[in-house]
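Once you scroll down, you'll see the structures, which are given as structure tokens.
In the two assemblies presented below, chain A is common to both, partnered first by chain B and then by chain C.
This part shows the complex of A and B:
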């Protein structure tokens, strides 16, 4: 049972610079929380503050109902997996796993039982007598996870644990981690800049930027309802396409004109969304965001029934990526490279023109100055 | 068309111009031989050059050893006597009986040994603080420690002498050892070594519940054996060769170290070069043997951190 609560946590350095500002989060038992964001956004600093490796400048850290700001790292009952594994090179794998237990003065037989149990779970029994330098990256990572598990901590803290592994091994370890989370039934706080890891592993994602929390939500929620331009652009690969557009009223509905009011590329938003848009931004310039998979060719637009009230973008393909199950085409619009994800049957070549239609239901609109999502922004949630 | 023509034709079938297997074999052997010869001659050349340079460098030392075995009459003859004609051990025995050399050697061992131990403990602990702990003024403090390296020992030796003199410490083991129990050089050496240590190892140990002292004993020391070895050899040899300070603060035969003791062999009344050299040969044996034992560690430690790998 472990509940971790962060209340207005700040990290301020001597030069007055805030690495983390007003971080608020409730982490419930058995949750898999992911801190994600670009480098320098304060995600690792927050994790290290929870671990006790960095002082908390301001705010409160509660672990299981205890205020832990001034607790020594060892007294917080947490364990951490580091990016570079942090295995003791002078000890065998067995020694590494047993180290924390030895310090806690556990009896030898008990240590042996626990270590072998953990080794079995992680399938590293055959490596117990080896030294870390005789292990491969993946094996080292397993041992590192093992030495975190062995103490049965209240929560695991993981600082980019998979970023030193190659792509294939990373995918494999990701699945293993999910399995370990299920088996050990512990809370995990995981830091990564890899959004695939964030989306696949997390039960809750915390998106950060410049020391500020941008959005806290389940992966699907973050993907489908990003609160602002940053979250929308950060989550998803290829990232969301952003284009400027003007809002006008047309027959009671909201119309978005791509680029300028005189543009013939427009999209009609009806219903509540359209009303909301008119109410907030009528006559203003806004940023619209469309995910690459929400842009269709004509036939699919007809099938979806939005060929009439959608932006029709006719563009020259600049790059074509065949990914097997899909084709990603890139084109230039408003001086930016935009991407569209189409079915693999699409045969449009580089240099050819393509007609594209945006699904109006899946469109995001952001305020030009605040960059908040007009439909799902903080104001809406409140 | 001749066979060579076929060979130069662009895109022509080179395999038409086949060499028999035997020919290929002999060609290979010949080329191998040539390469081998070249490599061997280069190695031989290098070895000869090395031996020549080593001989020049070692000549004074070798000559000293040779003199130590010479009867004094042989040394002062007009002939060129590089090697003793009638080797004798007499010089050694008289060096050992004329002055209490054994006592001096023991003194030096005690002093150098304790200085080495003290420096390793104090330097590694302070280097730990300078590289792993975070405290206010760390950078300034480290600068101050490093600045002490810039002050030559001779500049402070008189004031140091007066200080220990006032404390009544003259002519004791304490005065030989205590002022040398730490060194900026040692702190610097250890710190450089610890800087290559991944910080996450320390953090991981902290989360595991390891105290600082336990971390030093269980993880840091086992992993920095080569630095400790290098430091030990370096410090021991330096302490063994100390001259000015022991000369100043010791007065009795009981406390003298070898370097002072050896100069006692050179008395105005009975000057004997062979005797002195025999004494010198006796006292360099410990420092050379320490170096031989520790040279691998010394080199490893001195250069670790210089290049990654």
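This part shows the complex of A and C:
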């Protein structure tokens, strides 16, 4: 059992700069929580405050019903995997795995049993007598994870544990981490800037920016219903396309004119979404966001039944990327490069024009000044 | 022609070595060879070899109680100096490895002995240890003639030397500590290690490569200490501080027994060489990463 609660956690440095501000989160037993955000957003700092490696400037940290702000790291019952592995260079792999157990004065036979058990799980039995400097990156990673799980902590804290591995190994370790989470049934708090890791591993994602929590939700929720422009743009690859548009009323529905009111590219939003948009932003300029996979060619738009309601963006393809199962085309709109993800059969070449239709049900509309999502923003969630 | 170029190519590397070889030859190789040569002779007061004496000088030394006393004094002196200076250097380096206000003052203070000449330090110590006006007796409320008592003189000189040598050790250890990755301490904190456990499990092993180097240098330095002994005790009282280097100096420049002094030099060389060789042997087994 482990319940970790963060209440109004702040980290302020001497120069008055807030690294983390007003961080609130409930982490339940066996959850896989991911802190994700760009460099310097405060995600590692938050993790280190939970671990006890950084002082908490303000707020409360509760672990299993105990206020832990002033507990030493060793008394918090957590274990941590560091970005650079932090293996003890003077100890063999066996020594590294056994260190935390030795400190707890476990008997030698018990230590041996536990260490060998963990080594077997992680397939590092043959490395036990080696020193860290004789290990490859992937092997070091396994030893670091092994050292963390060996003493069955209340929760694992992982600080970008896969960022030093190459792409293939990273994908492999990602799968193993998911497996370890399932097998150990322990809470994991995981920091990453890699949104693929966030989306694939997490049961709950915390998106951060400039020390502030932007959104806390399940991966699919974050992807489909981002609360603001930042989350929308950060999660997803290629990232969401953003374009400016004007809101007007047309036959009782909301119409979005791309670029200017005089534009002939427009999108009609009917139903509740349309009403909501008119209520909030009629006559205003807004930012619309469309994921690359929510833009279609004409035939698919007809099939989807939204060819009449959708923007027809006729654009010249500037770059073409074939990814095997799909093809990503890039075009310029409003001085920005926009992406569209199409079926691999699409043969449009660079320099050719293509007619594109946006699925109106899948668009996001953001307020120009607050950058909040008009449909899913904090106001709606409250 | 071709041969000439080849010959030139073969010799040119040595030409570049000539300047340093000349310096080594004048100040090291020649005196060393001359010392060995002299150790086999009886000399006149000018230090000129006069009568071939074979291993006579060595045999005389080995049967002389004064020489064995020198060896014993040197050993005690070296142990105190090496242990003292390394402990002092290590403790001060560990203390200064954390950031806190005034760290620069403390760092400078701990490294300062490096910049003090042994002779001036000796003179300051002489004042401090003065039986009548010295601060040590005043503070301790004692009445000990530190430098003239055979029971205390060696310890006084050794402690002074340990302090003098601690400055450079502070520097070595600080550099060594800087090379230890901070994240392993963080991991150890989370793993549950106390400060003392971290020191013995991580800091000391992390310092082991530099520790070895420092140990070798300190041993050599301790064996070669001279200035402070010359000023403070001149080998006395009652030969209680007559370390081998001072004994060499005394035999050569007081008693004009250059042969005997040379023989002692050779013995000192052999001792230091053996210790260093043994240490290197141990290092290969001891430092594992």
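Everything that follows uses one rule, which is that the second predicted complex is superposed on the first by the 382 of 382 C-alpha atoms of A that agree within 3 Å, B and C clash if a C-alpha of one lies under 4 Å from a C-alpha of the other, contacts with A are read in each partner's own complex, and residues count from 1 in each chain.
Please note the rule applied: a contact is a pair of C-beta atoms (placed from the backbone, for glycine too) under 8 Å apart; a residue touches a chain by one contact, two chains touch by 3 or more.
Only a predicted model underlies this, so the values are computations on that prediction, with no experimental measurement involved.
Engineer: Fit or clash for chain B plus chain C once both are placed on chain A?
Structural biologist: Chain B/chain C on chain A - steric clash.
Engineer: Look at A:308 in the shared chain and tell me whether it touches chain B only, chain C only, both, or neither; answer first, second, both or neither.
Structural biologist: Neither partner.
Engineer: Which partner does A:126 reach: the first (chain B), the second (chain C), both, or neither?
Structural biologist: Neither partner.
Engineer: Of chain B and chain C, which one touches more of chain A's residues?
Structural biologist: Counting contacted residues of chain A, the larger count belongs to C.
Engineer: For A:104, select first, second, both or neither according to whether it touches chain B, chain C, the two together, or no partner.
Structural biologist: both
Engineer: Could you tell me if A:82 is touching chain B, chain C, both of them or neither one (first, second, both, neither)?
Structural biologist: both
Engineer: A:53 contacts which: chain B (first), chain C (second), both, neither?
Structural biologist: After superposing on A, A:53 lies in contact with both chain B and chain C.
Engineer: Same chain A residues contacting chain B and chain C, which ones?
Structural biologist: Overlap of chain B and chain C footprints on chain A: residues 51-53, 72-74, 78-80, 82, 84, 86, 88-90, 99-100, 103-104, 147, 151.
Engineer: Quick check on the complex: what are the chain A residues that touch chain C?
Structural biologist: 51-53, 72-74, 76, 78-80, 82, 84, 86-91, 99-100, 103-104, 131-133, 147, 151, 157
Engineer: Taking the touch rule as given, give the residues of chain C at its contact with chain A in the complex, in rising order.
Structural biologist: Going by the criterion above, the answer is residues 181, 183-184, 186-194, 197, 201-202, 205-206, 208, 288-289.
Engineer: Which residues, counting only chain B, touch chain A once they are in their complex?
Structural biologist: It is residues 198, 200-201, 203-210, 214, 218-219, 222-223 of chain B that touch chain A.
Engineer: Along chain A, where are the residues that touch chain B in the complex?
Structural biologist: Residues of chain A touching chain B: 51-53, 72-74, 78-80, 82-84, 86, 88-90, 99-100, 103-104, 147, 151.
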